[in-house]
Amino acid sequence: MTQANPQDELHNLAMSEAARPLLEKVVRHIRDNCDPALAEYEELGRNREERFAFAPGQLEIIEDLKAKAKAAGLWNFFLPDAETGEGLSNLDYAYIAFELGKNPLAPQSMNCAAPDTGNMEVLERVGTREQKEQWLKPLLNGEIRSAFAMTEPDVASSDARNIGTRAVLENGEWVINGEKYYISGAGDPRCKIMIVMVKTSPDAEPFRQQSQILVPIDWPGVEILGPMNVFGHDDAPHGHMHIRFTDVRVPEENILWGEGRGFEISQLRLGPGRIHHCMRSIGAAEKALDLMIHRGLTREAFGKKIIDLGKNMETISRSRIEIDAMRLMVLKAAKAMDVLGNKEARIWVSKAKAMVPEKCCKIIDDAMQMHGATGISQWSELPEMYMKQRTLRFADGPDEVHHHVIARAERQAFENSNDRQAAIRTRGRRG
Amino acid sequence: MTQANPQDELHNLAMSEAARPLLEKVVRHIRDNCDPALAEYEELGRNREERFAFAPGQLEIIEDLKAKAKAAGLWNFFLPDAETGEGLSNLDYAYIAFELGKNPLAPQSMNCAAPDTGNMEVLERVGTREQKEQWLKPLLNGEIRSAFAMTEPDVASSDARNIGTRAVLENGEWVINGEKYYISGAGDPRCKIMIVMVKTSPDAEPFRQQSQILVPIDWPGVEILGPMNVFGHDDAPHGHMHIRFTDVRVPEENILWGEGRGFEISQLRLGPGRIHHCMRSIGAAEKALDLMIHRGLTREAFGKKIIDLGKNMETISRSRIEIDAMRLMVLKAAKAMDVLGNKEARIWVSKAKAMVPEKCCKIIDDAMQMHGATGISQWSELPEMYMKQRTLRFADGPDEVHHHVIARAERQAFENSNDRQAAIRTRGRRG
Amino acid sequence: MTQANPQDELHNLAMSEAARPLLEKVVRHIRDNCDPALAEYEELGRNREERFAFAPGQLEIIEDLKAKAKAAGLWNFFLPDAETGEGLSNLDYAYIAFELGKNPLAPQSMNCAAPDTGNMEVLERVGTREQKEQWLKPLLNGEIRSAFAMTEPDVASSDARNIGTRAVLENGEWVINGEKYYISGAGDPRCKIMIVMVKTSPDAEPFRQQSQILVPIDWPGVEILGPMNVFGHDDAPHGHMHIRFTDVRVPEENILWGEGRGFEISQLRLGPGRIHHCMRSIGAAEKALDLMIHRGLTREAFGKKIIDLGKNMETISRSRIEIDAMRLMVLKAAKAMDVLGNKEARIWVSKAKAMVPEKCCKIIDDAMQMHGATGISQWSELPEMYMKQRTLRFADGPDEVHHHVIARAERQAFENSNDRQAAIRTRGRRG
Amino acid sequence: MTQANPQDELHNLAMSEAARPLLEKVVRHIRDNCDPALAEYEELGRNREERFAFAPGQLEIIEDLKAKAKAAGLWNFFLPDAETGEGLSNLDYAYIAFELGKNPLAPQSMNCAAPDTGNMEVLERVGTREQKEQWLKPLLNGEIRSAFAMTEPDVASSDARNIGTRAVLENGEWVINGEKYYISGAGDPRCKIMIVMVKTSPDAEPFRQQSQILVPIDWPGVEILGPMNVFGHDDAPHGHMHIRFTDVRVPEENILWGEGRGFEISQLRLGPGRIHHCMRSIGAAEKALDLMIHRGLTREAFGKKIIDLGKNMETISRSRIEIDAMRLMVLKAAKAMDVLGNKEARIWVSKAKAMVPEKCCKIIDDAMQMHGATGISQWSELPEMYMKQRTLRFADGPDEVHHHVIARAERQAFENSNDRQAAIRTRGRRG
């Protein structure tokens, strides 16, 4: 990993002057609109028997926030201009994502919620005019939501070559059979369309065998078997659904970009998504740090504030250091995407993805420990935060896959660098 | 911590010949009776709306298992003989506890479930004849269940001196006011009696201020506010309840052993309970190890069995080593209780308690990681196992308190040992 | 630690355009002059009986390199212009320090070796005209070298208040008594002057009790007791000396900046020095990473390249990630010094200092493990690298002191921030 | 790793009654004879120019200690009776080894020093009458010393199949060519004989290709190239030598046990040796723990004893726990060798070997950190202790090899156990 010229743009991690007003508006919108609405929204949703539906009043809250965001010009800003390709840089968006992560209602209020963002970006870049008309338009309008069906229960699908869901072209239709799980957002009653990763071309070379196909969620043969739980929770009404496809037949033109380009499309979408995930994770870690300080200052034992007992101050310091280091690494990855393009930057993205959720889990776990039993109870946000971050160690590829990607690149860089090899000065053996 | 004479009994961690038939009967009972009953029992309890009640059929299953256990002579064997004081050694019981932990129905089927065991032991040792008649007898018969109310939400109650619940003697009655939480088992409709840790004597010396008082759960002024969750789960119908005591008046003679002996009683009960917790934790870690091997052998990625990828084999080895080391440490602590008595052995108990849940969490977490997303889903036992073990890092004192106890003892032992101090050979400074 | 405005200069970690040619000249000088000279220089110095002297020929090599550096304009560039205060920014110098660390002869060949740099900077900023004439001038000319005597064997001198060496003013002379150790560079026969941290004013407030005084190394009463070893090595002829001061009398005007300003002067010098240490440490970690890849690619066991065994690829990835994160943190600390000034930036410096040597030790240790026994032998650079980095976990304050500084600042920032405190949403307790 | 019957002998880790008097005599001998002699012995050896010779007076000290040990009946007790095979159990010897490790002169004073013990044991068990007469007898008499030449610089020789040193039978002589390094003890001028691991039978099955051959150290063709260093130290006069064998011709009958049995002989010797190493490592960790407590109690900073700062108490507790756990694991491994035999017990030995040196390094490193710079200086024993333990992570196989052995056994045990596999309850998938 030779460092680029140290003075070049890659090392400038400051937000652009131009994006600053947007960030400020986002912060204001969250503070003034989203934060006050959250408590009621959550209260309405508590202990619902009908899991995958909204409680009366919930959608009204969301629509109100969306209206306010639109009025403030905070709508779809994640998306580059269709004509010019201009838009927020990844770095600028990373700073904004850090704010978006502070309130769970914020992203969808500005139509920047996953997985819609990735799906819209893909449709914008590789969709046909018809696909855009039918699906991108209502997504951009916030009228429907969407899902991305990649992960499968029966194989290690972080290796795209393992994808088992098959799509066969018959009489102008793709006939899809297979099973997917952890399809996030597919529980939302507003979710109308899925992009499904399938194997279309088993005889092609390994990374040309996959395709992505648009499948409406209510299409015949699509069976939602139920939610996958995360530590026993179903995340309703968003949900991570378990879906079976049995002889699902969609028109040939539902394929995106063409047969065999499924892996390629994945590469497009994953970089930005991972950056945003990571920035939100760091926001969670910041919150955990604040919670541990707060707890440490407000609780006593053995005649001292808890913060002054044992290793607690060092835990705070180590958390602070790791958070700052993570933030720099994520900003660097975002900048790399801006400067080098998604493909070249993918090692930086993997570094961020392999680093962040694991370290965030540790910080949140330390915060729980400093809270005593309250730290795992419903009186604390920490359990939800932990479960969420623990999940991210699998999402978009488990840590191990990213470590492998990084190590392989590092190894190749060493093998390709005469300088690095030459610098391994072999000490003279005696004799 | 000078080692005792290396040849003495403290180092013999083998089960007694005499207890072996009991162990075999327990194993048989679990395998033949409990294991076949579990699936139906759990199925009946799933998704109950009325949380703190049993589903029709559940209690019948339990009663049937209890009858079978009684018939096999497997009843109350945890309790020393009332006359002779003879009974299972802690070491022998530790081996049995390891088996008990394998099936959640097993302990209560043999009337050896927490917190009843500790409560019965306390009543047996310090209860008056009336107390025994009224509460111990039905507990020994398995007719009712019980709870132990120690932990409080507003203070670090691992330091007994912080106990805030007050009991004041007025007209021959204890008047109790305060709040307790994470009172395990208090959700069970069969739970009829609580032993409540209170502060009775604020002017006595620090560890003579506390008392323990018997309070029937349906007594006026006892208000069950609701369950405390663990990572969002209420563990119904057992439950970890949040309870408020408002002017609860119980007769003066409901006190156990006498005013100011509350801390002393705690010391009696905690040792064995922690040992049994730890042995069950180790059972969970063994299960996690088996799950990781199984997953590793049955799933492939990148052309290999997962077990053969990356650090997975080393993770298995490290888990095996730590499990074996934990088991020896827990057996040692049990033996120390047998040979040295609960008080002298308390450092060994703290070592086991500080060591085991933390390491078990790590092993279970590694197993989750090896399972991919399935490892955090409802298709795996691992999330429940993790949440349970994570909780144990707080139960009966957070890790930090045990580490402090251990370090303080070590420091005192050093300060009291001329030999150890003399052996610090000060190297001559030059000059 | 509220983040500054994300778009501001603090986040721009790119080297300045202006400094780039200097960096290039430095790289060229090291590659063309220092690297070819190193082997002979080291060979000459091997197994010398007279430890604290140069072998014949060694000084000639150094002087030759110095001449070449001067000719190339690479001399004293670390020092801001005396008139204008202009000079290399800390950030620019950090990039250069990374290069300087690659060859042990490089720093002194360009007169940028510790501890002279810090001493020269201090003299430049607070020295009197006489002090500059007598000591700064020959130091700037590379004619003599210097030492900084702070650490004491008998107290935890990372807490300046503990400084035990006393200086008392008597008849226009400071009379100094005390003992110092690990005085780096005081073994070098060219070392002529020491800056000695002493306690002059025991009744002043805690951080006004210390002063710094110039003491020629050959002054009466200065006794070099011998070298302090690091893992058994004396680092001759540089050396880390153990020095006793017995009634050492130096003129009153040898004091720097005035009585009671010793702690203040320390603050001036430590920031940049720590940044440069850290950048060199990162260079060592990069080297260790290359060594592990090289070993892994060139050695086989069990039918595979070692790099492909077990966790080795993941170790490489984790090392890569941590190195990149460390580099960003150190650059950030350097930038903070540039933008915020040394004082405000000290938390960032502590973060870098607490983070870097510990993580570098881990990376080097992993590299040793991947080398087998060769990794701890004289055939590898790794043992020296390890011992050096392990030492840095004490130099300029042990890790624990830096963690304490960071945690205290974080805690204060939280206490001072209404926003952060308000964001701790207290969940409603039921009941 | 199914646990054996919990009541059986394998779980009794107490020393035998019979061995207790021996242990007491050993303790007395070390305290009364070895300890007083050590300081002078070490002082005599300091800074010797002729590295691989004893200083005048050193051998006299050793011989005096040997005479005293013999007089006390403390001679060769490690060795089973030649006639009856009776002798100290491995468990009993483990307890003694713990004491032996406390003074570096102790083992050889009682003729129980490595590598002689392993060599004598091998000669006793598989040597011919002539081999015993010529080499075992003087070894048993303490007249000569010996070495074991296994490790090679050019291959990963922890995999016996990689052994590159060749021995070819020509005209009744083995002609040996190859290179060995880290041959411990070969620097001692009293070392007269080596057992050399060679490849004799490249066409046999993998673990029948090796043989062990007796080679006198002063034989023609044996060239001692010099010492291998450990962190820059040569461990003179014991030494870890680098040796080249060039057409070394020894008589055919110098082979041990027969061609192709080299690997088998290794298995004989390694178990006990590893146990003893581990017990000595634990002794070092105990010493480190005492040093950290001592330092913590006698040094102050920030107005407190260092022991009361930050995480230091927890570090002490964690060290205590890990030491106790390690000791139990090593005793268990020793007992396993006694009860199950070396071969069956080898997994337990690997567990001890993989666990102990790594954890001891951590404990010693923590102790260094608590000492500040003194902790890495010549004023502390810690650096030597660290370097020694770090080395043991390679000796007799690097950690990674032991982890692999353990994981493979665990995996096989799982694959062979229907019970364990059946207990993996597959949860019903919905749908």
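Order of writing sets the labels: A, B, C and D. Residues in every chain begin at 1.
The criterion applied here is as follows: a residue touches a chain if its C-beta (ideal position, glycine included) is under 8 Å from a C-beta of that chain, and two chains touch if they have at least 3 such contacts.
It should be emphasised that the depicted structure is a prediction, and the values quoted were computed from it without experimental measurement.
K.L.:
Name, by label, each chain that touches both members of the pair chain B and chain C.
P.N.:
Joint contacts, listed by label: A, D.
K.L.:
Could you tell me which chain lies farthest from chain A when each chain's centre is the average position of its Cα atoms?
P.N.:
It is D whose centre lies farthest from that of chain A.
K.L.:
I'd like the Å distance between the centres of chain A and chain B, where a centre is the mean of that chain's Cα atoms.
P.N.:
Using C-alpha averages as centres, the distance is 39 Å.
K.L.:
Express in whole angstrom the distance between the two chain centres, defined as the mean CA positions of chain A and chain D.
P.N.:
Those two chain centres are 51 Å apart.
K.L.:
List, in ascending order, every residue of chain B touching at least 2 other chains.
P.N.:
Expected reply: 153, 310, 313-314, 378-379, 400, 403-404, 429.
K.L.:
Which bits of chain A are touching chain C when the two form their complex?
P.N.:
Against chain C, chain A makes touches at 1, 5-17, 19-20, 23, 95, 102, 287, 289-291, 293-294, 296-297, 307, 313-314, 316-318, 320-321, 324-326, 328-329, 331-332, 351, 354-355, 378-381, 400, 402-404, 406-408, 410-411, 414-415, 420-421, 423-425, 427, 429.
K.L.:
Which residues of chain A touch chain B in the complex?
P.N.:
Residues of chain A touching chain B: 49, 151, 153, 155-156, 158-159, 162, 181-182, 228-233, 299-302, 306, 309-310, 368-369, 372-379, 383-384, 386-387, 390-391, 393-395, 398-400, 403-404.
K.L.:
Which part of chain D faces chain A closely enough to touch in the complex?
P.N.:
Those residues of chain D that touch chain A are 153, 223, 225-226, 242, 244, 310-311, 313-314, 429-431.
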